[in-house]
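Each structure below is given as structure tokens.
After this come two complexes, each holding subunit A, first together with subunit B and then together with subunit C.
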Partner chain A sequence: MTEYAKPIKRRKINSDAIWGYAFIAAALLIFLMFTAYPVVSALIISFQEYKPVGSTFIGFDNYTETFKDSLFWKAIVNTIVYTLLTVPVSLFLSFAVSILILPFKKRMQTAFKAVYYLPAVASGVALSVVWLWIYDPMPEGIFNKLTSFFGLGTHNWLGSSAYAMFSLVLMAWLSSHGTSIIIYLAALLGIDGSYYEAAELDGANFFQKLRYIVVPCLKPTTLFLLVTGVIGSFQVFQNAYLMTGGGPDNATTMVGLLIFNNAFKYFEFGKAAAQSLILAAIIAGISVIQFKFLGKDVEY
Partner chain B sequence: MKKRMRVLASVFALSMALTTLSACGSGSKDAETKNADDPNAKDTITALLPPVSANFQSNFDQMAKEFNEKYPNLTLKIEPASWEDMTQKLDTQVNAGSPPDIAFIPSDGIPKYVDSGLLMDISDTATDDMIKDYDPAPLEYMKNGKGLYGFPAYMEAHAIGGNKEYLEKAGIDYKKVQKEGWTFDEFREAIKKGVVTENGKTSRYGFVFATAGVTSKDYLDILVKSAGMPSAFNQDLKYTYTSKNFLEVLKDIRVMIDDGSMPKELSSIDAGKRWNMFLTGQTMITGKGLAGFERNAKENNEKLKNKDASAVKGSIPVEYIVLPVPSFAGAKAQTRVAVDGYVTFRGTKEPTAAHKANVVKAANFLSSGKVAATTNNELYVAQITESSRKAAESMPVDRDPDNKAAIESMLTHAVPARPDIPTDLGAKALKLEDEVIVPKLQALIAGEITPEAMYDAVKSAAVQAFGDDGVVKD
Partner chain C sequence: MALYNAHPGKPLIRITRNTAIITVLLLFALATIFPIYFMIISSFGEPVAAGAMDYRLFPSSFSLESYKFFFEFSPYTWRWLLNSLIVATTVMVTNVLFASMAGYAFSKIKFKGRVLIFSIMLVAMMIPYQVTQVPLYILIVNIFHIENTYTALILPGLVTVYNIFLAKQFMSSIPNEILECAKIEGCNQFQIYFRIILPLSKTVLAVMAILTFMDNWNTFFWPLLVTNSMDMQTIQVGLKSFKFANTTLFAPMMAGATISALPMFILFFSLQKYFLEGVTVGAVKG
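After this line comes the complex of A and B, so read on.
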């Protein structure tokens, strides 16, 4: 035994530690069953021609078929277009609304937060039904009445491939930003007031304060919302499923909808699992890129 | 206090974990029941059933009671489901390997479940007396290959429906059409006459069919039957949608929109909207027409008469006239039918002979006799078993006799079932339909592609899927 080597001390496990491990074990068990197990199962199924009775191992066939499938690539492109059009605008709108709400007193802020958060509480299905009504293609449809009033004529908003994607994007722009607004507001309230006081002494105007104080201070929040927004957008399913069914001519078929169709319409669970894992890899890749390029000077 | 909180918290944590584990252990009781091989042993048969008719689900207790009276050792446990979540619920159960013993589904879903390996072939268990009770045509729809996978509940014709007053105003001899049918050219002339324009705007269309999203599949599928393509495969198992007649149907679909007989926004009109358009006088003819629509129209008329606020807003009294789908490209008209029924499932373990026999008894009980008679009478659809026809003799029928006769005439040239189509070919055709035909049809109806472009796309995808020799060339 050298002078540096210390005798191994047996850690005494007291009753607090036992209780702690017991609580962790319950949470861990639930995590293992409902998160880890499905992921591992999906990985195994992705190498199988899955059937409830007698699945067969088919190697990488599900993956190679997916990569050869033109509809998969079309769905990827549609999802990227949808993400590029919705996430930045959604972030900007949330940021702008938060800035507008910030000067109000606490009670008014709470009222605004509640109003903006309300759509997030409402059922997505109910919202889609309302939007279907707004996008009624007949001349008496609400949106068509509006466009006709401005001399833009009537359009088949969800039935035409020229407008269907735009219609889903517009719906995303005008729908719930409640969560982002609340997060932005919390971050805005966390900025030390002395920064603004110093800027005011230097004669900074509103936009300069925004540019040199607010935007840099909110960078971690923006990065968080951007990453989670992109992840959410890549997994979008409900809008396309309920509003357009992926049509017309697959113009709004997103990857999420394609995976759902493969699994529950065609019972091709192996292919659906493979596509889910490819989607997970794409999302992980994009998240890494976002952290690498945008997270350099972010302080947490 | 601290100790009590710890105990409470640990009980909570443990119960969470146990709940989780118990979810994986359900079904053991069923398995035990099913293991009994004694035909007189107690057994429970589970059924997942949607609201087949308006009062169907409210009769479940009575149905279970009558079944138990007939078979005292058996219990019929019925789980209700809405039409909306029926397929999803069933699919989830099938893929978990624990489907109900019986489920009510359209017969065209049979190949999908046969492929899963969990549909139960009852051809060796259904007795001759049971089989003889059913009309042969609908029974064929419950077959796949040599297997019989359940019993049919009804066979309903997919027709179109007209507003009697508007048909008469347009000078259409609808009674003759009901008896003799019509060609597409005759139909086109008729729907043109039904169009009414006020101040440059169309206030009434000649024909409106629901085509939003997947309902466009219905539209095409109903029309092509009368264009010499009763099935996606001919008798030689060659894919038929590559036939030139298919192109003719596509051209005809487009021309009805181009000449203003159908709305240019057709691609976004769903089933609810087009029925609303029919009841509010915005169209002369609607599709697809189901037997129950006559009853729905009558009920709405009654509400209007009684100034009942639940009548469809803006609706007018409508006398619903059943009309056949026109024939295309000189082909013989054939009626697309919906045959829905009670299909039988097995679990991942081989069912015992006794349980299988019990499931067959339950499926037969639901699809024949008094239960079927009551349901079909309520739906205005024809009885398809001798036992239900007999049971329905005493039940009042409130149908227009001409409509009834028209449906009976259509059913004489109903498209026959095709149990000979292998499941792999059927699955390929279904995928081609969902990934190419429906999307291209949506684009065609929206005026974004030509009929020729759609035909070429379908042809190319069909050759890719079935090979050059696997498709019809004419």
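After this line comes the complex of A and C, so read on.
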């Protein structure tokens, strides 16, 4: 917490306070209208059978229905599988790349950072259009050419339930680590050189330094990326929506897509609201667990 | 002293090591930018059906026919780009303005309820967007009846808590002494904000502006929900309808994807520093 300018006269505090409220007025109004109100509204809608005119209160029905819905559980499992496959791998790749970039001069570091960050600049829709064609099920498709070159045969990557999830995961592996690399590199450059010096005097080699200095020093960064990565992954919607539409046979229906479909395909707003609140509870729970188990000796 | 040993007097080892590392990094970089490369070179192909074309890694011919095709395919292609530009620019300006004002108040002005209001905003930041999407849709479409308007596209994004948080974090590091001096010189709060805080916060405001513009240029979800007439769609939503209308016209699709990404690529290469800096603001304690 910072210190504040000490008021000279009592009258000054009051006028400052008025300025304070004036400065936050616009932001607060927008926040209340487009964040706070919708959250409260979602809670109310989740207990209703929503209709544009005359919604009826139906208690916990939306929730009990959701818990009995096998598709909801399938979507949860899909989301967990997707998260477990993408987030740790992406973290490891980002960590490895940032370690590898480290010995080079600043210009080279920046060049690599720019290249790795480039996909994050392109829109998700543009990238998904491209990936749709990379995964073209025809034998002439780029990815099928590659896999048949390695003797893996050709497959209907997005259209078969056996491969659709893998295809989405592979796409995430190759396009979602630019941000993490930059954050890791910033943290790496922030490690005090004297740690390495001390370790070298003790005769530590590269891997020992990595194990006993870098990994512990980067723990807060890893935790940050892990928590934000998991939160992001649980809300994933766009790729599944644009690439597979959740299919085939709901193999790639994630919770985010399920909620979207319930709301804007079937117009079951009450059910969608209930599911979104369950999602919020799951995300909150996972975040708390992550902080508890991994954050013990993290200092902020 | 650093993580890597300096290898004094053994240049051969150092050169071998660096060559090996660069090879790995380059291979990974190639895999990362391959989709973008593929998108751009394919967009220069002829606008023919997929069966008639070959998926080459290197362009066999150079033609702008597919771009022409894309712009002629829909009478609204230019309109989509214009819509995206209008929405992204407006949201960028309002975010910089409102977030900087709120950030200044939250970091430097003492008033009742300040800590509480800011904490509530931070907690709300962790709520997944799925929770607010249904009520927001109902609010805009069923209550205000303003679907298919710029207002609907812009309103929910006027200022984000994340930007307020960024502004507050940055402005907290501005020394109070400067503000006190200004006060003694007779500045009121608005003058302090306008003449001192804003000029000192240029970097973070630039970062904020660029990232907000990028987010809103690339956003797909909200415009998809609140627009259903072709003339009010943004380029991202337009691109999607294009995809389903012409699943076999490969090169024009890539041309469309390139067009939607091009403004961001140009911005990225000219303002790279801010993009890369922006990622670490708020994520790494400096």
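Keep in mind that, in the parts below, the second predicted complex is superposed on the first by the 284 of 300 C-alpha atoms of A that agree within 3 Å, B and C clash if a C-alpha of one lies under 4 Å from a C-alpha of the other, contacts with A are read in each partner's own complex, and residues count from 1 in each chain.
Heads up, the rule we're going with is that a contact is a pair of C-beta atoms (placed from the backbone, for glycine too) under 8 Å apart; a residue touches a chain by one contact, two chains touch by 3 or more.
These figures come from a predicted structure and were not determined experimentally.
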Fit or clash - subunit C, subunit B, common subunit A: clash
Which superposed partner A:179 touches (first subunit B, second subunit C, both, neither): second
Partner chain(s) touched by A:269 [first = subunit B, second = subunit C, both, neither]: both
First, second, both or neither for A:138, with subunit B first and subunit C second: both
Touching partner for A:64 - first (subunit B), second (subunit C), both, neither: neither
First (subunit B), second (subunit C), both or neither touched by A:208: neither
Subunit B versus subunit C as contact partner of A:54, first or second or both or neither: first
Which of subunit B and subunit C A:30 touches, first, second, both or neither: both
Partner chain(s) touched by A:248 [first = subunit B, second = subunit C, both, neither]: first
When both partners are placed on the shared chain, which of subunit B and subunit C touches more of subunit A: C
Touching partner for A:39 - first (subunit B), second (subunit C), both, neither: second
Clash with subunit C (superposed arrangement) - responsible stretch of subunit B out of 38-46, 56-64, 218-226 or 308-316: 308-316
Set intersection of subunit A contacts, subunit C complex versus subunit B complex: 19, 23, 26, 30, 34, 52, 136, 138, 264, 269
Subunit A-touching residues of subunit B, taken from the complex the two chains share: 6, 9-10, 13-14, 16-17, 20, 88, 91, 94-97, 112, 115-118, 201, 212-214, 263-269, 348, 427, 430-431, 434-435, 438-440, 442-443, 445-446, 448-449
Touching residues (chain side subunit A, partner subunit C) in the complex: 2-8, 13, 15-17, 19-21, 23-24, 26-28, 30-31, 34-39, 41-42, 45, 50, 52, 93, 97, 99-104, 110, 112-119, 121-127, 129-134, 136, 138, 140-142, 145, 174-175, 178-179, 182-183, 186-188, 190-191, 193-194, 196-197, 200, 206, 209-210, 213-214, 220-221, 224, 231, 234-235, 237-238, 242, 255-256, 259-260, 263-264, 269, 272-273, 275-277, 279-280, 283-284, 287, 300
Subunit A-touching residues of subunit C, taken from the complex the two chains share: 1-5, 17-18, 21, 24-25, 28-29, 31-36, 38-39, 42, 50, 54-55, 57, 97-99, 101-102, 104-112, 114, 117, 120-121, 124, 126-139, 142, 155-156, 158-159, 161, 164, 172, 176, 179-180, 183, 188-190, 193, 214, 217-218, 220-221, 225, 236, 239-240, 243, 250, 253-254, 256-258, 260-261, 264-265, 267-268, 272, 275-276, 279-280, 283-285
Subunit A residues touching subunit B - in the complex, by the definition given at the top: 19, 22-23, 25-26, 29-30, 33-34, 51-54, 71, 135-139, 154, 156-162, 244-250, 261, 264-267, 269
